[in-house]
Amino acid sequence: MVAGLELFTLPQQLVNGLLLGSIYALIALGYTMVYGVLKLINFAHGEVFMLGAYAALFASWALGYGPGGHAGQSSILNLAIMLLASMSFCALVGVVIERFAYRPLRNQPRIASLITAIGLSLLLQYGGQIFLLNGVPQSISGNVNPFPGQVSISLRGADKVALAKAEELKPAMIQTQADLEAQLKNEKSRFDLSPKGEALEKKAQEAKRSYDNLIDVANAKTVGINIGYGKIIMFVAVLGLMGILTYLVMFTKRGRAMRAVSHDFSASALMGINVDSIITFTFILGSSLAGAGAMMLATFQSGTKIDPFFGMAYGVKAFVAAVLGGIGNIPGAVLGGLLMGVAENLVDWAGFSNYRDAIAFVILIVVLLFRPGGLLGSAKVEKV
Amino acid sequence: MTCLSLKEATIKFGGLTAVNKVSFELEKGDLFGLIGPNGAGKTTCFNMITGVYEPTSGGIVFEGRNIEGTPSNRIAKLGICRTFQNIRLFRSLSVLENVMVGAFLRHKTSLASALTDMPPAIKETRALRDQAMSLLEVVDLADEANLRSADLPYGSQRRLEIARAMATQPKLLLLDEPAAGMNPQEKLDLMGVVRKIRDEHQMTVLLIEHDMRFVMGLCEKIFVLDHGEEIAYGPPDSVRNDPKVIAAYLGEAV
Amino acid sequence: MKFLGIRLGSIALGLLGCGLIQVIANGQNSFIQLLVILAGLYVTLAVSLNLINGITGQFSIGHAAFYQVGAYTAGVLARSFFDKLHLHPLLWLVLVMIAGAIGAAIAGLVVGLPSLRLRGDYLAIVTLGFGEIINIIARNQETLGKAYGLDIAPRISSVFMVWALAFLTIAVCRNLLKNVHGLTFLAVREDEVASAAMGVDVTRVKVAAFVLGSAFAGAAGALYAHALGFISPTNFSMDVSFIILTMVVLGGTGSITGSALAAIVLFYIPEKMRDLHPMPVSSIVAGAIAIVVTVAVVKRVADNFRGSRRNKTLIIIGSIVGGVVIQLIFSTILRGVPSLQQMVEGSKLRLVVFAVTLVILMLLRPEGVFAHHEFSWSWVKKLLGHADIPETEMSA
């Protein structure tokens, strides 16, 4: 069924899209940076993200928010510990993967690395099914979030005319209600009314119905956005991380070396850049961002189910985001991630929620066919 | 009779004009040299002629037909074939098979008859193999026919590229630095091969080369490019003595 | 005349082989019969993917999609027409095979078209995307049974037909490589720019490879639908694509017989693992340690060893034996660790096997077990050190 397009829910969906998109953007950064330096789609990146969520989960258990339950008030400190745990664990996983799976294959055709990446991704998924709590889906306790409330922003209040009409009807409704109550006291049973009682009941119901209808009409026109405090923290943290990344890549020596490697791998090596250490650095950055994204998603998007396969969907969408923005292009990954999140929520909003997961691939195919360089990238001409 | 002519062919990559209003004409049967310092736009000219790049403006006419922007494979079919500066053999195929891919251009049987292994396809495969073999004899690679092409020494790989291009039976053969990396004796042999290609196989030859002795000794007309623009054109002797050429190029190189 | 004799003879021989497999399978219970059928289908799938991946070099990793299109085509046709037409079941099978092949070929055309502009990893991800889109569509369409899938009225499981299809696929690929047309496919794999410069119509070659490869997968899908009598979107998930990919990679890029043999081996081992007794996590950990150590040693030896070939082989065999010993030692030690005593079903390890195969193979022998060789007598002779037989696809 295609629901009518409810314009009034659009702002909320857009905001949801941006919030989800910020997570995609974090993961996409990892894809884009690794692609930049190695020209390799790190297929296992989604699984690194998945492991990050598990690291956050286990950290939350260690802090006392395990399945047994915990009453205490959580704090920013707890969140920071969890964030640190998942970021550092992911960084470690990323480095190990690079060192032992990708580095030995660097001189082989690129397809060999890609196959290895697919193999690793499968291995982490199915290995996770054995070693990670038997693969039973888990979620992080909602109590971990120290700020459970939400902020409501009203963009347009209720329809005043309808509201005024409803107010006019209110006394009549109260009156009929009171009459019915009075009559009920004289009745033998609530379910076996006398003719008079029945008439009063009908009247009361009608009055209430027309009042409710007007209230609905009035509220249907309200446009508001609800955002959990947690998600605001998440968004701010994502922006902060991106700021740090920009600093690292643009203004540090390592960052400059990284850009040099992504521009020309062999020339950088000849210029005395330690390519191996730069690649390791890239994996640390990319993987820890994925870890941060996983932790924040699992903590603030309440009810996120973590299982060994849940990285795949996020990974694929983030990859599409990276391609959309122009793979190898850091601002592009952020833009792509945000657009991807919004696009997904728009598909939901338009009533095609079943096809929510297909939109990523549709975007991917369209981008690759019509603008292979992505929005911010430029297509390379092969040298002949 | 004119074989190929470039008419103010120009190509730009972003802000860079790689080739700027270059015009020249090849007569049928010419041995034509295209020279110039590194980055002068010689290979880019080849890429325009063979349809790898489309010129931004200007025209390329082959046997009276405009060919700019035609896909590579169609241009090969029309009768222009080339070799590559950075050797591009089908590395894991054998020497013979490389040439057979070239010879395939003039095939007549359908894919369906190959998939069902019908007699016409079998016969054609055999015929093309013989044809490829005889071309390998021209470039003196018949003994290496069954080696993996990637395992050949550098000079032989260049000659194999020539044989592969000749197998398409082109009217115009473009050779991109055919003598690069060869020793003097090999270069001498190669000059003989190129002359034989022109004389016995009736092909027009356009070649890019850095070795001046090779170009001057072989070509009858020479066109000099620098920074994407024509700076000289004429027979070897006049080009050799052209002050512009000496300034741009020969001054340092010889 | 001689040609006709050989041709008819080899066809007869092939059919006889299929008949033989059928006869052997008939003596077994229905589960074994199903396994024989599935093995044949995987041979078809692997060999047809090899045409796209290995021979033409278009890295497609969504082969299950074509399998799925074939299966659903057959399913929908069987539901609407089987009862009305009153055909002999085998004749019906032939018809749905053709229909499934056509359906999948159209899908292959749709996927093949973007491949004209994409290379390597980009193409890989697009094929993966197409696979997912097709699966999502199947999951949401009323006529395709949504997430539940389709029941297919007559179950027709014909071992003969399945293996005939497998042999047909192998024969077609072999014919292609035997003739000069096949060289253009290999040339496109090696270098597209050079192929185009030699007049090869790269577009046509790529699309032909996709259409042919997917048509065979579609035919296999049609047979699968009828053999099982029931299909659902989960039967064609990404995992299936990866399984087929592993078979091709293991067999060696471009090797037809390699793909076929790898398909049988890789199908058989995980099936065997279903029957394993549940084992404690500790022995899996021990196995993992053993694999890591063995692979590390073998990799070192393969890369740096300068001694004779025989010594190298001996060391590699030694390290494999060593790996087994390590596994035994560690599983004994780890038996004492209480947190590792949880039992794991053998079937849970199935896809782990594929994943480990892929990774180890890439690390130790990226060109696949058979590399680009075909399994043939001349190759065996060459392995044993006879004669100088050329090393390339065509001649092997």
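First chain written, first letter: the chains are A, B and C, and each begins at residue 1.
Here is the rule we go by: a residue touches a chain if its C-beta (ideal position, glycine included) is under 8 Å from a C-beta of that chain, and two chains touch if they have at least 3 such contacts.
Please read all numbers here as calculations on a predicted model, not as lab measurements.
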item	value
Most centrally placed chain - per-chain CA mean versus overall CA mean	C
Distance-maximising chain from chain A - centres being C-alpha averages	B
Chain centre separation in whole Å, for chain C relative to chain A (CA means)	36
Between chain B and chain C, centroid-to-centroid distance (C-alpha), Å	41
Centre distance in Å when chain A and chain B are each reduced to the mean of their C-alpha atoms	55
Residues of chain A engaged with two or more neighbouring chains	384
Shared interface positions of chain C, touching two or more other chains	193
Where chain B touches two or more other chains, by residue	52, 84
For the chain B and chain C complex, residues of the former touching the latter	50-52, 71-73, 76-77, 81-82, 84, 88-94, 97, 100-105, 107, 109, 111, 114-117, 119, 121-122, 124-125, 128-129, 146-148, 164-165, 167-168
Touch list for chain A against partner chain C, complex	40-41, 101, 104-105, 108-116, 118-123, 125-127, 129-131, 134, 312, 316, 319, 323, 354-355, 357-358, 360-362, 364-365, 368-369, 372, 382, 384
Chain C to chain A touching residues, read off their complex	59, 61, 114, 117-118, 120-122, 124-126, 128-130, 132-133, 136-137, 139-140, 193, 238-239, 242, 245-246, 249, 281, 284, 299, 342, 344, 348-349, 351-352, 354-359, 362-363, 366
For the chain C and chain B complex, residues of the former touching the latter	3, 7, 172, 175-176, 178-184, 186-187, 190-191, 193-202, 208, 212, 372, 388, 390-395
